[in-house]
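Letters A, B, C, D, E and F name the chains as they come in the text, with residue numbers starting at 1 for each one.
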């Protein structure tokens, strides 16, 4: 497989997960670190998210859980809460992931995860998204 | 609901996820911190894992992802790789969670997650478990 | 003990530590994750903070230290700086905890802890609190 | 104050907290990084632990809490569990700090903290220490 | 060496790395924790940065990498991106450190590192700094 | 560029950094997660380490600093201490990186980094490596 194919496949996958975030990402990096933009399309989305063996909804559950537990990547957590909802998670399932994290990363991580979810839900309400 | 019911429900849930780990946990804490043993049954398993709204397999995916990303709780990661397999994840799905974590927590976390999975798979092979 | 009693005891304990934060917490979660609000009252405050064996001031010292070291939970750190002061810590003791954390989590954690303390102290000055 | 005085004061303070750990530290660093050994005596013990404003027992509570929450420094956690006990904490107070950390850093951190405490308590039992 | 000399040497070193940040630091701490301000000059800058054995540019590369990977100290990361540029790193080298961190701490850390770099570069553009 | 070229380039780069670690990695993953082995060659080594803009020695300084600060990836830290020495760092420079990390991630991270360095240096002594 050629590198161009990885990029094309990654861009398609990222659009499936969160079209707007994909555009923002490429745009924000184009002047300062365009190669990092390209890598972010190619490796996470072109390679990893495009793999069989774990469905896309489960991949987003894993990602939302990890980012909530780490607690140091608020912008990406919000992108992936959107992503989880876009690929089939319900809002209740997102909330349950946060509650689950209270056990493994403590209550502050869970509460800050809920704050992020709240912002995402309100943004989606204003756009009529589920 | 009475506290006794939370404990009973939690113990049942923990046995469903990983019976042996449950016994080890209670046993290891009984002399030094029996109340922490009781809380671990009551809150994570009696309250959180017993909730509707997210199926048990998805809860274990979230947990394995978070513990792999945090990278500082090897014994618990192994317990929950067992747990994930016990509640319906395939080995390939566990491996995919680790690969997914290379994106969000870096390659060392993913590689150390795979090492933990390898140990768990070998232990299960020796016992004829899937 | 019935669950209702854990909630009542937890709410009372949280009010002792930081009455306003307790109300904010319950209020902020009531639409999105009311059960997480309930758990946060029941387990941390109804179970843990209500235990004998370590006095409340020492519990808050432990919490402020941990949140400063982790460095990823700014809102909760501020709540517990208030809490520490409410249950008997002096401002100087809070500052000393931050200085102590320079050793165990590095100078950035300590300096960001001091920034949080400064905001809390100014808020309390404006309300005439010690 | 001269640097020599900071070292002398730090060594005395470290011996008060954990005499054996102090010797091990200096010994283990003398060939590879003697200056780091010296700094570790001077800054943490000569400067920070020697400060007024927070008593030694409270400083050790803060340290044990932070190292349990971070979960990535097992040898130092054990040194400071010894230290906490040497400067006036009871074993029960150490256990309570670990239980407190289940709230702020999750159950795995608390359980691994208890494992460290168990090892320390057994080592002290074998030496007739409280 | 007397302590005064460590302070003087540290202040000189900090000015070499980032003069403005040094003034801000001392100023921000002077009311609340002046001793932490003094320690921050003495130990990191008077002791560590003043050591031979690793050139200043390499020390700043190490610091920018670590703060990007930890992801929980945004103000200090920006100070040290300035510092790296002040002691001889090119902007491209700073960007490469961030890309390197995608491997060891995940893409969110790298992307948030790039955001910090972007803010610093724009601030420097407005002041005609390289 | 074709994917095969990324793999070939990555393998060559990894051999330049640490030939033995490269073989161990591929070997340890071949049964359980061969694709993760391939990705680890392709992205970190074929893409990132092969970039111009930051010399290989500086990349290893950044990596050793980050892994020491994170403190949760001991095997990879040792691989990259070897790597740093293989691409031109002196032992003293490795030690200085650890000392530098005492400032940004605390003394326990620095001390555990020194322990890892000590093991690597002894292994290299036994093989007559610098």
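Definition applied: a residue touches a chain if its C-beta (ideal position, glycine included) is under 8 Å from a C-beta of that chain, and two chains touch if they have at least 3 such contacts.
Please read these numbers as outputs of a predicted model, since none were measured by experiment.
Of the chain pairs A-F, A-B or E-F, the one whose interface repeats that of B-C, sharing more than half of its contact pairs by residue number, is A-F.
The interface holding more C-beta pairs in contact, when A-E is weighed against A-D, is A-E. Greatest Cα centroid separation from chain B: this falls to E. Taking the mean of the C-alpha atoms as each chain's centre, chain C and chain D sit 23 Å apart. The distance from the centre of chain B to the centre of chain E, with each centre set as the mean of the Cα atoms, comes to 40 Å. Here the spacing of chain B and chain D, counted between their Cα centres, is 30 Å. In chain B, the residues touching two or more other chains are 35, 39, 43-44, 48, 51, 67, 69-73, 76, 95, 99, 102-109. Chain A meets chain B in the complex at residues 43-44, 48-49, 51, 53-54, 58-59, 61-70, 73, 76, 92-93, 95-97, 99-105. Residues 25, 28-29, 32-33, 35-36, 39-40, 44, 67, 70-73, 75-76 of chain B are the ones touching chain D in the complex.
Listing the residues of chain C that touch chain F in their complex gives 69, 102-109.
Residues 1-3, 6, 35, 39, 43, 47-48, 51 of chain B touch chain C in their complex. Within the complex formed with chain E, the chain C residues making contact are 70-72, 95, 98-99, 102, 106-112, 114-115, 117-118, 121.
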